[in-house]
Every structure is written in structure tokens, then in C-alpha cells.
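Before anything else, here is the set of structures, which you'll find just below.
Below are two complexes that have subunit A in common, paired first with subunit B and then with subunit C.
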Partner chain A sequence: MSLRILSAELLKIRRKFIWFLIFLGPIGVVGLQAVNFGLRYDYLVGKVYRDDLWGGLIENVTILMVPTLFIGLAILASMVAGIEHQTNSWKQTLALPVTRTQVFTGKFLLNLLLLLVSTTLVAAGTIVLGIVLGFGTGIPYGVLLKACYYPFLAIVPFIALQNWLSVTFQNQAFPLTVGIAGMVVSMFSIRFGDWFPWKWPYLINAAKEPLYSVACGLAFGLVVLAAGLAHFVRKDVK
Partner chain B sequence: MLALIRSEWLKIRRSVIWLLLLVSPGLAGLIGLFGVREEQPGGPFPWLIALALMTALHAMLFLPLLTGVYAALVCRYEHAGGGWKQLLSLPVTRTRVYIVKFLFVMGLVALTQLLFLAVLLLIGTAKGGGGAIPWSELLGSVGRGWLACLPLAALQLAVSTAWSSFAAPLAVNVVFTIPNMLVANSADYAPYYPWVQPLLAMMPHQNGYDFGAFTLPSLTLLSVVMGSFVVFFLGGWAYFARKAV
Partner chain C sequence: MNEWILETNGLSKQLGGRAVVNQLNLQVKQGDIYGFLGPNGAGKTTTIRMLLGLAKPSVGSIRIFGKDLRKERLSILRKVGSLVEYPSYYGHLNAIDNLETVRRLLDVPRSRISEVLEIVRLTKDAKRAVKGYSLGMKQRLGIATALLGQPDLLILDEPTNGLDPAGIQEIRELIKSMPREHGVTILISSHLLAEIEQMATRVGIITKGQMIFQDSIEALRRQAKPTIRISVSRPEEAWRMLLAKGLPVDWDQTRLTVGEVSDRTVASIVAALVQQDHDVYRVEEERVSLEDIFLEITGGEGSL
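Let's turn to the complex of A and B:
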């Protein structure tokens, strides 16, 4: 059933520019680093990251990827929920022989899947960029995959939150402003303690163990999803 | 014209917008409250350091992105339920509708800037800097930041009138604003990049923040801002005047 819901959701987002954005985000992040490394090649490659070229590239990509994920997931959640809001069709969707739980988790899973595609594209793009920049083929796959997928897993609470907000509010200005605020706050999150959820996707914690941030993200993500679900199944829709 | 302004006012009052105005000044205020350390305890409040710190949060991403949210908001009621047809079938010209919507976007940006200033003044005065407020720097920073939002508001209003989705125009905004994180450090490219101008315009010129593009003569910035404003506004207006609604 979940698969059929997901395929229905995938049908709904066709020709809505959503796939375009899913590709644009990674291309933008990798492209900006291409410009960054291209313009400052002598400085970055010759001096700063001379001993660990791939490590330097991956680090730079991640620095841009995490804030972009924060705002990207807010825009994505808004566009996905906006399909029903714009056509006033929540009643119609819920009148189908599907449960509200399935509809809500369907939207959440769609967001998750699309962002997973984006994250994978970032990893692939980084490999291409590194090879084009002449960093050789000794690609540290382990480091690269961790740098891309750990933040994705740690950011799950925010995917659940934005999905919840975007589905709940008809006026998308509110969820989107929360998303913008989240991105900006996350960039200042280093100043906060490890309890601060906006810090988790940066994988920085006192124990220096990225997996702690990932575990917190996944656990709290489930909590937020459950809270959203509990609200949505009781909510009155227009 | 006055009737149009009154009808726009009717649409946005009592909406979520008043909450949105508070978000950026509020968060910047928290950074100002907890982030600023006096050089010596009991010494004068470091106004410009506080301004620089709060500007880093407020103007690099928030202000450009919020301008986009405001632009999408003033078009929201027309996109929902065929409002464009209704509005344009009234005895109003498209040019006037467009100008009034633009005025509202810039008005909301102005309110955001004033709230930002109010929060800064409040923190500074509470921390004992009431005697020596550097009015010209503070007002200049807030005012220049507002001016630097002119081209952004013009472009966002253009895409917001074009697309009925709320998030799509914002995506355009994000695409151009994210590079700010890199562009701001580049003395060569930042002066010509419209989306980073709010940050450059609001940053005070002292206190160790004079690296990168932060020391530019205001004439360069002004010509970039005004040049891109004219292009974006005329483009958006020409499109709206011919658009099928």
C-alpha cells in the first residue's frame, strides 16, 4: 500500500519543477565549489589542502550542502504539500480509500526519497569535480559517503517538521519562514550545546563521534513524525 | 492609487505576516544579547561590534530571503482562487497594481529594518550604552540595507506574479542567495552580486570587519544596486503588463 501511495505522490509531482529543484540543488552546491576551487586553484590546491586534496574538497562541499539541505527541504515540503493546498483537494485526497496515516507518511517518504536522490547527486558530483580538478583517483569513498549521508540522516527531524508544518498551514509563508530561520540558526549552531537539534547535521559533538549526531537525528525524527501524524489524523481539513 | 493601497492593506492585516516581521530581528537580538562581550566589564557598550554581529545573521541570508517571502505574500490572495482576474477587472491599471504591490513589499522590508534597529537600541541601552549611541552609523546601516533590497524585491515580485506556487519564487531567491556564503568573502566579485549587497551595505566599516568586499566605496554599491533594480523592475513590470491572468 505504501508503495502505491508513493507512486501516486510521484505522479502528482510531475511537471511541477520539483524534480528540477532536486537536480538544481546538488548542481548548485557542486558548481559553486567548482567556481571556488577554479578561481582559487593555486591557493586552495597548492597551499591549504595540499596534503589532503580530496578531504579538503569534501569538507568544502559539506559546508555548503548542509545549509542548502536545510532550506531545500523546507521548499520541497512546501511544494509537495502545496499540490493539495493550491487545488483545495485535501478533502478529495482523504476521501480516497486510504488512511490519513498513509497519506501523511506518504508525503514524508516522498520528501525523504527526493532528498536522498539529491544527496546521492552531491556525492556523485563531488567525485566528478575532484577528478576534473585533477585530484587523482584515490577517492576516499568512506569519507565521502559519510560526509554526504550522515548529515542527511541527522536532518530527518527537520524533514518531518517541515512536512508537518507545510501540511498543516494553508499559508505557506509560515512554514517557509521557519525553514529560513532554521537554516540561518543552523549556521550559528556551533555556539550552542550538543542538545541543539540544528547542530546535529553538522556532525559536531563533544564526543567527536558523528554517529551520535546521526542517532539523535533519527530518534528525534521519529518523534517529530509521530507527533505530526498524531496531529494530522485528528485535524479537520478544508 | 489610494484605494489600491487601502485594498492591499485590507488583504495583509491580521495575517501571519506580523509574526514573520519579528523573526529575523528577534533572532538577531538573541545573538546580540548573548554574543556581544564588553571589552572591559563596565566599559562602554560596543555598538558597532554588536551591529556587525547582528548584521552577519540578519543581512547575509535572512533579509534577502525574507524579501522573497514578502513578495510571495502580497501576491498570495490573487493566486488563490482567481483573484488576479477579479482585481484587474476593477477600474485600476496594471501598472498601478504592480507599483502598489512593490510599495508594500518594500514597506514590509522597512518595518523589518526598523524592528532590527529597535532591538539593537534596546539591547545597547539595557547594557548601559545609552549615552553614546552612534546614530549616524546605525541609521545609515539600516537605511542602506533597505536600499540594497530594492533590486531583490523587484525580481521577487516579478517571479511571484508569474508563478502561482508560493515556494517556487522562493526557490529562485534561494538559488541566488546561497552563493552569498562564498561571494561575501570575495573582494573581486561581491561588489557586482546584487544578492550580497544587503550584507555589504549594512556592515559597519570598522572593528576588524574590513576584509573582503566590506570596504567598498558606497558609490560602487549604489550603482550596482540601482542598476540591477532598474533592470529587474522594468522587466517585471513589462511582463506583468502583458501577462494573461
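Let's turn to the complex of A and C:
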């Protein structure tokens, strides 16, 4: 059933610029790094990252990728929920023989899936950029995959949160404000303690173990998803 | 065990401390076109939302196909098609894709899509984005969506809202043909009696959240008794004279009316008037329209 819901959701987002956004994010991140490395090639490649060219590139990509993910997931959640809000299709969807839980998790999974595509594109784009910049083929795949997918996993609570907000509020101004504020806050999150959820996607913690951030993200993500579900299942539909 | 395909028992819904729907006992028989009538704000849409499980009743139960909606929501909804108020659609998709999003959840064969498009005569426009459709076409697409799962019960909330006369006619014909051709039972809500009158077999009238009439359309019509109005030169005098003769006439300072309309009575009234030298200007029959009855039982505040 979940698969059928997901396939219906995928059909609904056709021709809505959502796929465009999914590609735009990674292209932006990798493109900006191309400019960064292109303009400061001698400085960055010749001096700063001389010993670990790939490591340097991956680090720079990640620094841009996390804020982009924050803003991207908010816009995405808003667009995905907006499809139902626009003509108030909730009443039609929920009067079909599907449970509310399935509909809500369907939206969540769609967001998750689309962001996973974006993240994967960032990883692929990084490889292409590194090769174009002449960093050779000694690509540190482990480092790269961790640098891309760990933040994605640690950001799950925010995917759940934005999905919840966007589904709940017909007016998307509120969820978007929360999302944008979240992105800004996240950029200063290094100054906060390790308990601060906006810090997790940067994988920085006192123990210097990225997996702790990932674990926190996944656990808290489930909590937020469950809270959203509990609310959505009880809500009367307009 | 009972004949009702849809039955509510003491259904109530409180919203903000006010009973929007109050102790409603709705009963729809297999094969009915059930007209669910009431002025705006009477609680029709709230009731329908509860029937579809979109809103939870505060008190009371709903049984559809003899099953409790709370316990067997999914298996009931599988056989219910619905259209609530204005149609829901995805404007950026064409009609086929719109139906496909629903079909994937209902898991019916793909061929159903062209079948329902045929029924609502949208086959020609099926490949156009729905946002370019007229309201009537969107409404028809809504009905097509409702029919997709081959439902046994169709719940339509104000399906002719905002349509022009031609569109209303078209939807009406479509709805009328449905029980005949597809064996569906239909519950259709409206605030326009005239519209329901032409297709419903049974009616329920609700006002301020309460059911005040529920019976066949014929029973409603029977309440529309005709009266005879007589205008004469000196009405008050005529009234006294007729009463003295033992004829059943009413005088309300402006009009002389006769409740009993058998030919005999009318004949003797006219004869008496003529004998007493009254000038008889008019003897006319006045029919109370269903609209008037509707207004009367809904307390006159209903918009028609």
C-alpha cells in the first residue's frame, strides 16, 4: 500500500518544478564550489589543501550542502503539501480507502526520497568537479559518501518537522518562515551545545564522532514524525 | 439485517461549543436517490464529512453497508465515491493523470479511467490540464473520480454549486441515470429544493443541525395542498354570509380562501355568492409550492 501511495505522490509532483528544484540544489552547491576552486585555484590547490585535495573539496562541498539542505527541505515540504492545499484535495485523498497514517508517511517518504536524490547528485557532482579540477582518480569514496549521507540522515528531524508544519497549515508562509529561520540558525549552530538539533547535520560534537550526530538525528526524527502523525490522525479535515 | 444502506444514530457534532449537527438519524435505502436538504449552514457538509470519516462525530454512530464506520472505515470507503463541495483536482495534471493518482490508491484496472471519462463525457478533453477546465467540467471530473472505484454508494455534496443552468441540467441527468445504469445508491445534498425535487426519491430536511423531515418525495408533495381563492366585491360581508350558510371559508382581512376544494363545495359557494348579488371577480386555485413548504419547515430563514 505504501508503495502505491508513493507512486501516486510521484505522479502528483509532475510538472510542478519540484524535480527542477531537486536538481537545482546540487547544481548550485557544486557550481559554487567550482567557482570557489576556479577563482582561488592556486591558493586552495597549491597551498591549503595540497596534501589532501579531495578531502578539501569534500569539506567545502559539505559546508555549502547543509544550509542548502535546510532551505531545500523546507521549500520541498511546502511544495509537496501545497499540491493538496491548492484545491483542498485533502478531503478527496482522505475519503479514499487509505489510512491517515499512510497518507502522512507517504508525504514524508516522498520528501525523504527526493532529498536523497539531491544528496546523491551532490556526491556525483563532487566527483565530476574533482576530476575536472584534476585531482586525479584516487577518490576517497568512504569519506565522500559519509560527508554526503551522514548530514542527510542527521537532518531527518527537520524533514519530519517541515512536513508536519506544511501539511498542517494551509498558509505556507509560517512553515517557510520556520524553515528559513532554521537555516540561518543552523549556520551559527557551532556555538551551541551538542544537544542543539540544528547542529547535528554539521556532524560536529565534543566526542568527534559523526555517528553520534547521525544517531541523534535519526532517533529524534522518528519522535517528530510520530508526533506529527499523532496530530494528523486526530485532525478533522476541512 | 436491516434495509438501510446508510444509517446514522444520534449523530452529533460540537464545534466551538455549538451543536452543528444534533441527534441526526439519517436513513438511506438501497437504490435511493436521497436528497439531503437544508439551508446554508444547517450542517449538511459537516454531516457528510462525518459520513466520509473526514471529521469525527462528537456523539453517535454511523453504519454504512451495515458496518460500523469507526471500525471498518477502509472497507467501507472502498465502496463509497464522494464529491465534497467544490471539486478537488490537481490543476497541473490532465484528467487522465488526475484519475490515475486516485486509481493507484484504489487499485482498480486502468481501463476504468476511460470508462468513467466516457460516463461524464470528458474523453475529448482528457489530455488537457485540468486548470483550464470550466467549472462544469471540473465538477464532472469530480464525479468521474467518485465513480472510479465502482462504488455502491455515492455521496455528493452540492454537486451543482456554481454551475450554469445547462451544467446543472447535465449533472442532474447524469445523477438520475446512475441508479438505473450502475446500481448505485446516491446521497446528494443541496440547499435548492427545486433541484432535488427533480431527481430525489427520498428527502431529508435538516435545519440548525436537526432533521425535521425525512420521508419519500411524495410524502413531501402531499403537504402541498391546494386552496381556492375567491375575490368578490364585498368580501367581509360575503364571508359572514357564507359562514352563516355553513360553508368552510376563511377571511384574513384581505383574502377569502377555501381550504376544502371539492368541486361541490366550490360550486355551492359560488352559487351562494351569486344569489346574494355579490360580484365574483375571480375563483382561482392556489398551489403551495414545495419551496413554500420547505421555507415553512425550515423556519423561513433558508436561502433558496
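We adopt the following convention: the second predicted complex is superposed on the first by the 238 of 238 C-alpha atoms of A that agree within 3 Å, B and C clash if a C-alpha of one lies under 4 Å from a C-alpha of the other, contacts with A are read in each partner's own complex, and residues count from 1 in each chain.
Keep in mind that, in the parts below, a residue touches a chain if its C-beta (ideal position, glycine included) is under 8 Å from a C-beta of that chain, and two chains touch if they have at least 3 such contacts.
Remember, predicted model here, so these are calculated numbers, not experimental data.
In the superposition on chain A, no contact is made by A:A124 with either subunit B or subunit C. In the superposed model, more residues of subunit A are touched by B than by the other of subunit B and subunit C.
Look at A:L145: by the touch rule set out above, it reaches neither subunit B nor subunit C.
Within the superposed three-chain model, A:Q86 lies in touch with subunit B and with subunit C [touch as defined at top]. Applying the stated contact rule after C-alpha superposition, one finds that A:L229 touches neither subunit B nor subunit C.
In the superposed model, A:S78 makes contact with subunit B only, not with subunit C. By the touch criterion stated above, A:V237 is placed in contact with subunit C alone, subunit B being left untouched.
Of the two partner chains placed around the shared chain by superposition, neither subunit B nor subunit C is touched by A:A215. In the superposition on chain A, contact of A:L116 is made with neither subunit B nor subunit C.
Residues 16, 86 of subunit A contact both subunit B in one complex and subunit C in the other. Interface residues of subunit A, counted against subunit B in their complex, comprise 16-17, 21, 24, 28, 32, 35-36, 39, 63-64, 67-68, 71-72, 75, 78-79, 82, 86, 171-174, 176-177, 180-181, 183-185, 187-188, 191.
Within the complex, the subunit A residues that touch subunit C are 4-5, 7-8, 11-12, 14-16, 83, 86-99, 234, 236-237.
Chain contact summary for the complex, subunit B toward subunit A: residues 15-17, 19-20, 23-24, 27, 31, 35, 57, 61-62, 65-66, 69, 72-73, 76, 79-80, 164-168, 170-171, 174-175, 178-179, 181-182, 186. Those residues of subunit C whose C-beta lies close enough to touch subunit A in the complex are 49, 52-56, 74-75, 77-78, 80, 82, 84-93, 97, 100-102, 104-107, 145, 149.
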